[in-house]
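Both complexes below contain subunit A, partnered by subunit B and then by subunit C.
This part shows the complex of A and B:
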């Protein structure tokens, strides 16, 4: 966006994603200090878990970019439903991995279409539409799952937990998706349209932006991201369970905000998603390695998030 | 006064005394609004000083200005759209007694509106967001002149009539004269020469952030002002022959309410402000622009008049704002063709004269008139055969207006149709055919020689007279 660079150092300092990476780096250093030897494995774990947050975060970020009131609260339920149905379909058979992935993505598309139809046809605010739809998805998942833990096929589990050259496979997927999102937002026509809608829906419409098509695409994309995350997470953790998505409700929004995207819409920040996702994992592992109890850990996590958001948003307004 | 690298105001020294009405003119970006904002204390000068009648040195300019009774009506309407009219009066009226303030504010608001705009028909309990842009402007003007905790001593009006129709503007000009006769002072910023000459006792001309002329109004003529502003008005005769030489094609658009246009035709929408012209245009646009797909050959493009509501993307640069509509036209594929984008925007900067040294600057760094030029270029750059314009010249200076009129005539000669709503008679007279709106419907259709100010006014008021 800001191509006038009188001073490259200053330009970097003004990037809103800087704070997310700074915070991630500090927590990484602090955790490594106490843990001593395990810096490499900590980094590996951080990349793995951050991938899941980053993928749902990318979907959520595009939704939030559409402007005030746009949010997808059905992410956890979509993750659960997609993972449950896909794993049930594959039934631990290696040959069905690829069709299983397509089932997950299909579930994502279905959930996204339902979300947007509720928003468009019934004119329900997105926050209510996605939240109420998520009860539907969660119920479907419960009905289909019946409390069983279905295992993923062996090669798929190996892929999700494995890695190459010190980079986990899931992180490769996450980074590839982030690059796609960046290209979309910064270089593609659709990216301009998304940002225009987020700044002023009526003006975007009057400027010839196909607003419904863009909003439809973004809600479906968010659901696909959630479905893919559910698929990978279930494969990684050895099976789908009914509350696997719960923490990703807050997580998907937190990585968007900490990453430096404007919560008011119109302005999004892809690099920040990864910084924030790493930070969100590292802060928990740091407090863990300092041996703090669960209660204290949650309080400190909350306080640190507030602190980073305050710093990041102040910087954003100055620039 | 500087905004970062932009010097909006370089040398301006000015004294305003009681009973004076000062007309302030200048091209877009000359520093008129900045000067007004320095006087009312909303901006703090980077150098120099502002002194008020009973100003105390300790206070900030804005407080001094408030104590001295300086009131402002801004070009960008500044009412709270989610509050009612009377609540908007309450905001600047800080010392209003808390008990029963709604009734007091209602009465004050009625008095204020009746004082300036008799027969206005605005309910004090109406939500501002539901009012038309003209009614909002009337409310804002009435609040500025209202008798609040302190009486107004200097009222700054920054292009107050740009969204008002002729009859309402008349009421305002009459009130300004009464107000000045009673010892008040007015700083009147306008691009309409007729109004400037009518109310001003003194005229100040600004150019590139400096006051270049400051004399008694009788020392100026229209042409001497235009010359001093630094624009040469094109010869009017040549323009007229141009207009008649055009041949019109087949009808290209017709809306259910009877609005229609032929290829190459400039169709005007006239009538009192807020009688459904803007809504008719927006509806016509929405009916012809797909919501679900985008095309590299759009049927219709839109030029917004209400910039903040309908046009400007506030987070973006000038470049991104200008290219928004034409993105699918010049880049064919999924990705933005950034080379062509830069070329297109550069060529439009040259054509329409957007005053900036860097097109990557934020759109909001431009003055109102220059933002309007960007919105104009956004639409005209498209190949769409129909151009819908919703009072697009608000805040554009005289010289640029003439250039844009010429541009519109040239485009029409190539077969493009224009549907043009305007509150200014000059612009309506540029049209081939005019629909006069009244109460949301077309009251009259005028062509050729029938298009005169008298006929338009007559058609605008006909029904109201018959009803009495």
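This part shows the complex of A and C:
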């Protein structure tokens, strides 16, 4: 306590994202020892799948940072709707890839605006607002999808599955977005506003933070992230299907919490998102390579999440 | 008290309007048999909503209700049917596990959303282990109970109201209920008054587990079989039901009658759509739209309440 000199080792040890990367590293080692199929391909797969979780995670993290009660439950439905409409629009034509991306982002903006209008105008808690809106998006997606599986245009599929220098293209997108989010939070005034709202809404409002404008931006951003992930995931997996977003409900929240952001808001952590996203993929592939069945795998995944949250919680609680 | 009555008025009205619309579209639904069909799955949905209400009462949210009810249904259709003693022991263990989760959440100050989200994987995994493919059978007595031919009004309507009344007595009229609502209202005050909040939260989670188990059992009694994904929709339905019924996310403000009526409304919404001959694609969307609509109307009510 009396030692006031900055201690670089302790400073690193106190970074909340450290644990996510440590856990990811351990599971990586454990998996590549068992799998034997080469650590390189495992790393490549981990980066690919983690980037989908990371992109939705960044959107969800900013929402959660806004404070207690703020959470976006419409992410899976937004992903599905954006992917379905964009792929339908492109209709496997290469020339329409860029407009298709714009369609996906447009759907994201639309969903985000609807979410926020419900929260603002009806003054309903974000959980219920995004939940009931997601029912609508889901119905729209079912209606427009009609059980068809439309393939993405060839070059887009190549982009989503390809990579350069051992780094998958989708991971480049995910890392770029993470850097943007980090710059926004740590280096821009808007980032200070977001944290201020999460720490004390009333104080933030009284000190002149444009609260509603910031919240609007955050909810729209989360929906855009979800739409982009849906677009990339559908291109990666050869088409949109109706339950493609399901697992990202849990994933988006889990990566935020495991990554060291405070679930109570006001404190976010961008590097942790990627660590947690890698960890979440690696833990599943580790259990897979041990040859465990789906049931056991689900149970262990759940227990790991509860365990990590239990271990990580203490400092947040005492503070 | 008047404010509470006002709160209950809205869910009752929305149910009445919806029911009126259904009867208008299909007058033949206005019969014993018709009502039974309309509210066929209302009992398990109502029980699951009560389970969710117990959690919302202490300011938490349970995202694992759906998988937990599925798990209980799987246990009922297999163990309870084949080896009753072991089956009931497993269900009792599940209730204890729920209570332990409540204690853990309080002790370590954990976010309930994340813990229950993680637990939803655990329950889902256990359900898959028990019943990898749909199957099992309903215990005989449960089947008899759920298909009971009650006079005048079908059991699908009576049972939810009886459940609501019983929970009303427990939550609104007994000392333990008042104290549990107090945890939602002001946790610190309860602690200062000498109550163990850990024990109280464990109690409310245990109650949620109990009603989750009952929901799973009733579901099997109705469907006579189970599968691991049988009740996944219940998570969202139950949250929506509680809020529709006038509950609030914070402050321990909940209403058992409101919650059950909210659950009935959502059950009816699905039938309403098929009477409108709308494509089933829009069923989920309609539930969302009805939820938004009721909340919008509630906003007007609350404004009136504030100005009055």
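Keep this in mind: the second predicted complex is superposed on the first by the 308 of 319 C-alpha atoms of A that agree within 3 Å, B and C clash if a C-alpha of one lies under 4 Å from a C-alpha of the other, contacts with A are read in each partner's own complex, and residues count from 1 in each chain.
Keep this in mind: contacts are C-beta pairs under 8 Å (C-beta built on N, C-alpha and C of every residue); 3 or more make two chains touch, one makes a residue touch a chain.
Only a predicted model underlies this, so the values are computations on that prediction, with no experimental measurement involved.
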item	value
Which superposed partner A:200 touches (first subunit B, second subunit C, both, neither)	first
Which superposed partner A:133 touches (first subunit B, second subunit C, both, neither)	second
Contacts of A:192 with subunit B and subunit C, given as first, second, both or neither	first
Touched partner set for A:175, first subunit B, second subunit C, both or neither	neither
Subunit B versus subunit C as contact partner of A:208, first or second or both or neither	first
Partner chain in contact with A:253 - subunit B first, subunit C second, else both or neither	second
Partner chain(s) touched by A:310 [first = subunit B, second = subunit C, both, neither]	second
Partner contacting more residues of subunit A (subunit B vs subunit C)	C
Touching partner for A:105 - first (subunit B), second (subunit C), both, neither	neither
A:267 touches, of subunit B and subunit C: first, second, both or neither?	first
Shared subunit A surface residues [contacts with subunit B and with subunit C]	none
Complex contact set, residues of subunit B against subunit A	282, 285-286, 289-294, 298, 301-302, 304, 309-317, 320, 324-325, 327-328, 331, 334-336, 338, 358, 360-361, 378, 382
Contacting residues of subunit A [partner subunit B, same complex]	1-4, 183, 187-193, 195-196, 199-200, 202-213, 262, 266-267
In the complex, subunit C residues that touch subunit A	61, 104, 108-111, 113-115, 117-129, 132, 236, 239-240, 243, 249-250, 279, 281-289, 291-292, 295-296, 299
Contact footprint of subunit C on subunit A as seen in their complex	69, 71, 118, 122-125, 127-128, 131-136, 138-140, 142-143, 250, 253-254, 257, 263-264, 293-306, 309-310, 313-314, 316-317
